[in-house]
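Presented below are the structures under discussion, each in the form of structure tokens.
In what comes next, subunit A is part of two complexes: it sits with subunit B in the first one and with subunit C in the second one.
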Partner chain A sequence: MRAYTPKDDVQAKAYYTDRFYVAPQVPKQDVSSDEVFATDLEAIKAKFEVLDAYIQVEQMVVIINAKDNYGVLELLRDELEYTQLSELSAIDWIAKSGEFEVFYQMLSMGKRKRVRIKCFVAKDEAINSVEKLFRSADWSEREMYDMFGLHVNNHPFLKRILMPYDWEGHPLLKTYPLEGDEFAAWYEVDKIYGKEARDIIGPEIRDTARVDRYDSERFARLGHEVPKGTKITGNEPKTPLAYQEEGGVFMIDRFDEEKSVIITDRDR
Partner chain B sequence: MQHQNRLRPFFENITFDRDDNEMILNFGPQHPSAHGQLRLMLHLQQEMITKAHPDIGYLHRGMEKMAENMIYNEFMPTTDRMDYIASSSNNYGFALAVEKLIGLEVPRRAKVIRMLLLEINRLMSHLFWLATTALDIGAMTVFLFAFREREYLMDLIEDYCGARLTHSAIRIGGVPLDIPDNFIADLRKFLDKLPENIKDYEDLLDTNRIWRMRMEDVGVISKEMALSWGCTGPMLRASGVAWDIRKEEPYELYSEVEFKVPVSDKGDNFARYRIYMEEMRQSVHILYQVADMYEATIANNQTELMAHAPKYISAPKLDIMTQNYSLMQHFVLVTQGMRPPVGEVYIPTESPKGELGYYINSQGGPYPYRLKLRAPSFWHTGILTDLLPGHYIPDVVSIIGTTNIVFGEVDR
Partner chain C sequence: MAQHKVNYTQNAGLPVALTTIDKVVNWGRSNSLWALTYGLACCGIEMMASGASRYDFDRYGTIFRASPRQADVMIVAGTLTKKHAEFIKRLYDQMTEPRWVISMGSCANTGGMFNTYATVQGADRIIPVDLYLPGCAPRPETLQYGVMLLQKKIRAEKAIKSQKAKRLM
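Right, the complex of A and B next:
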């Protein structure tokens, strides 16, 4: 049977994967292998439910319930010396389980340790803001909302931060294509000239590698140089490709070694 | 063609002269001293700022989205475009994160060359910072001097990799090439002179009345505020937290070199300026040691530049051209890309601006499932919300200057 590919994930896929390929795992260690992490985990476990915990690449990962996120971060900051929230963002698992994974990357400068707190939030649910604990979460949560559409409760100013304020769609969702969707293609045309100009201007081309040889308005043509505006859909005038070096080019002198000075060492 | 009233600013409902005499000033996004595409909406009472609202996103290219649709090696040149003032630092952070994910050990000489590049990048970035900030304050001479020194460093980088701004000089698993013959000699010659140059800048600035008035006790960030806002790098160290990732969580060969971490407890613009100057001196100190290390690798005949891991890294060019199996591996790695193990890493490095972190979630495929770029400037811009109120309009320029933000990495 052919392998099922989720239709709600439009990101680039490996075009060939061996049927029997089993991806190796980054090794996970038990939390008890590190004293500092073990005591920290005990402190979290005493107050909150911990779904899973392990050490991966020298950092402890603790998976908690989404409703506990504020409490756990408060505990980490006030009692366990994790004074900085380095990073916060989400991962889209909607195609797999209908959830977002939210991670909080914490740093303790006193202990020289980093901990990642993770929780899962269902697609239509919101998560509590931790902006009261760490001001850095203000912008991070806005970015998370902007990129994933994941709502954050109690955030003072939950507005888009990177995309325009009137944008539709959330770019980092796996359902959002890399070259943008229908809305993105018409965004600037609609906004500047109005919908009625769509036929005249056409959608924005977001494929940077696209070359249209019948387009005489833009400069990129394959092999044929024609003046702007020339109708070339019929029989296009051919311009042979030529190497500039042969016979020289008008107004351009060739490099003359005799007349040139080569600076071997600049006075540093 | 253009319709009247089609394109309106979205603060159209804000009146500009209200009863309470509050004015809203739109600063940017094309202001020369905003150091990029920063737009600030400033609420003013007379000349004093009562509320600041930084607006970013004018340089947003969706790098995280791009990363999800690219093989790992393909993404390397994109990282150049984050902090384009010190692009090797970004290359390095990404390479290190992928190496940790794979569990790869990089050969000694590659490590030494990476250290050279990283510290040269730090010097380039700090010189650029000094030049542009001094220019914003009005010190034209310092701008010209600092750019002259930066030019020599760019020449060095150009000697190494051919590029001056977007280097892509580091690969996953090592470095692509050895440094050219007279690189170390040129570097030493430059380093011998740089402390004198730094002295020159300080002579121009330290006792300069205008510079001190614009810098001292302006933009004071308390320790609590710096920690809460996720400040890192010189921004954090100027606020009294001695935290340098090179020292505290050493990566590469930073545990083998000797250097000091400058700290100040003042937290103002002047403290940040002092930290940048001292860090330049420390970089010079590190570079001398790394140059010696490079010569030691020659003496010890450690010539490997790329790690040996056929599943992830292509073999050396000689092998590819002579051995069939290496060629096959290379072909698969170039067309399909490496497939790191399933797992996730968050790897922080000390870039010139602060903590540059790469979070990679790999699901065992050739594309990262999620890649989060933790760029320090993002929060250093965010802090302006809390930092600017209470200051006057001219202070905005000097505060933006000393936060050292680069919009390539704010917007990503």
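Right, the complex of A and C next:
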């Protein structure tokens, strides 16, 4: 048995790590192994500084400076035939190095190649928008802002896209708890009924295994239903399934459980 | 020509049926439960199936209405997100009294498998719920059974008594 460690902040770090575990790496190949990628990389290198470049799973990954992102994507689109921006988002590396990784996944239908442009943005810095180059970046950058709090300069409408506009916090940050912070836990109560309603409505019940068999206000035992507010003793009689009140519609009256024949032999 | 055989001697010769106001009003209310079209997630598919020809909700007088002002019962079918919470409250407030709420499926009951920051942990945190249907998703039979239980509940109510407006708090 391993030692117990608190599990309330599991997103921050894994609570168990093997001492001899080495994270598997996707093998990287040199860019010169692919002719098309090699010429593309030369074209980028001629104009911009390239920090690193390699091929992973038949896709070229180019790491650039964050300030060059607009220029590199423009070059890729106008001169190197990468006409589609299929995806754009960020990765939270704040705990490791205090910065976000922003990636742009590019596709060239003519060359049948994919290139991923990566850059690193410090926690408090902003990145330039590429919305002028690719319309698809509009919503992706809004989502990136919504989920990570990473600001985008020159974006035409930088507003939250998934979470409500008055939300606090950015849920895809590694420091954001999965079940939400205090603001998230009381969001709907505060907004609709006001903060003073917290005591009346009560906290969220997050324990999925919670069973209170004496709670007849919310749930009664199935098959032993009682009227709301009844004191439960545990000796409630079994209530047969009833589909209609006494003397109801004659057709449905036939569906009485006690009068029905229940067939247990499937091969009858 | 049809031969109408009217027995004029029954009920003491009067074409009259006697009942109570309660029963007549409740008969009307329970047999025309118009439901608000309110599919929020996959339970909405089961709710649609209940309304379609195979399960045929019209038999119960349950007809889906696209306006809360014409609806008697709100079937909360699916995951209620925190972003949507204010809208369910607004829709519920727009329904006229008397009104009922069926919470359909695990997500609407308790948040279900979505133990996350974005999901309301039970629709009863926002609006008062009359009936909880278990299941993920409940089959149309469950919803039918639920509507019949709600009918039973309505028939047990005092109709002529002034209705106390249901409030969560």
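Everything that follows uses one rule, which is that the second predicted complex is superposed on the first by the 190 of 268 C-alpha atoms of A that agree within 3 Å, B and C clash if a C-alpha of one lies under 4 Å from a C-alpha of the other, contacts with A are read in each partner's own complex, and residues count from 1 in each chain.
Definition applied: a residue touches a chain if its C-beta (ideal position, glycine included) is under 8 Å from a C-beta of that chain, and two chains touch if they have at least 3 such contacts.
Nothing here was measured: the structure is a model prediction, and the numbers come from that model.
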Which superposed partner A:191 touches (first subunit B, second subunit C, both, neither): both
First (subunit B), second (subunit C), both or neither touched by A:178: both
Touching partner for A:164 - first (subunit B), second (subunit C), both, neither: both
Subunit A residues touched - subunit C or subunit B, whichever exceeds: B
Subunit B versus subunit C as contact partner of A:100, first or second or both or neither: neither
Partner chain(s) touched by A:204 [first = subunit B, second = subunit C, both, neither]: second
Interface residues of subunit A shared between complexes with subunit B and subunit C: 163-164, 171, 176, 178, 191-193, 197
Contacting residues of subunit A [partner subunit B, same complex]: 11-17, 23-28, 56-57, 59, 61, 83-87, 89, 91-92, 103, 105, 109, 112, 114, 116, 134-136, 138-139, 143, 147, 160-166, 171-172, 176, 178, 191-194, 197, 265-266, 268
Partner subunit A, residues of subunit B touching it in the complex: 1-3, 6-7, 10, 56-57, 60, 62, 64-66, 68-70, 100-101, 103, 152, 155, 186, 189-190, 193, 225, 227-230, 232, 241, 243, 248-249, 336-337, 339-348, 355, 357, 359, 361-367, 369-370, 372, 374, 378-379, 382-383, 385-386, 411-412
Subunit A to subunit C touching residues, read off their complex: 163-164, 171, 176-181, 184, 187-189, 191-193, 197, 200-201, 204-206, 208, 218-219, 222, 242-245, 252
Complex contacts: residues of subunit C adjacent to subunit A: 82-83, 85-86, 89, 110-111, 115-118, 120-122, 124-126, 132, 134, 145, 148, 152, 155-156, 168-169
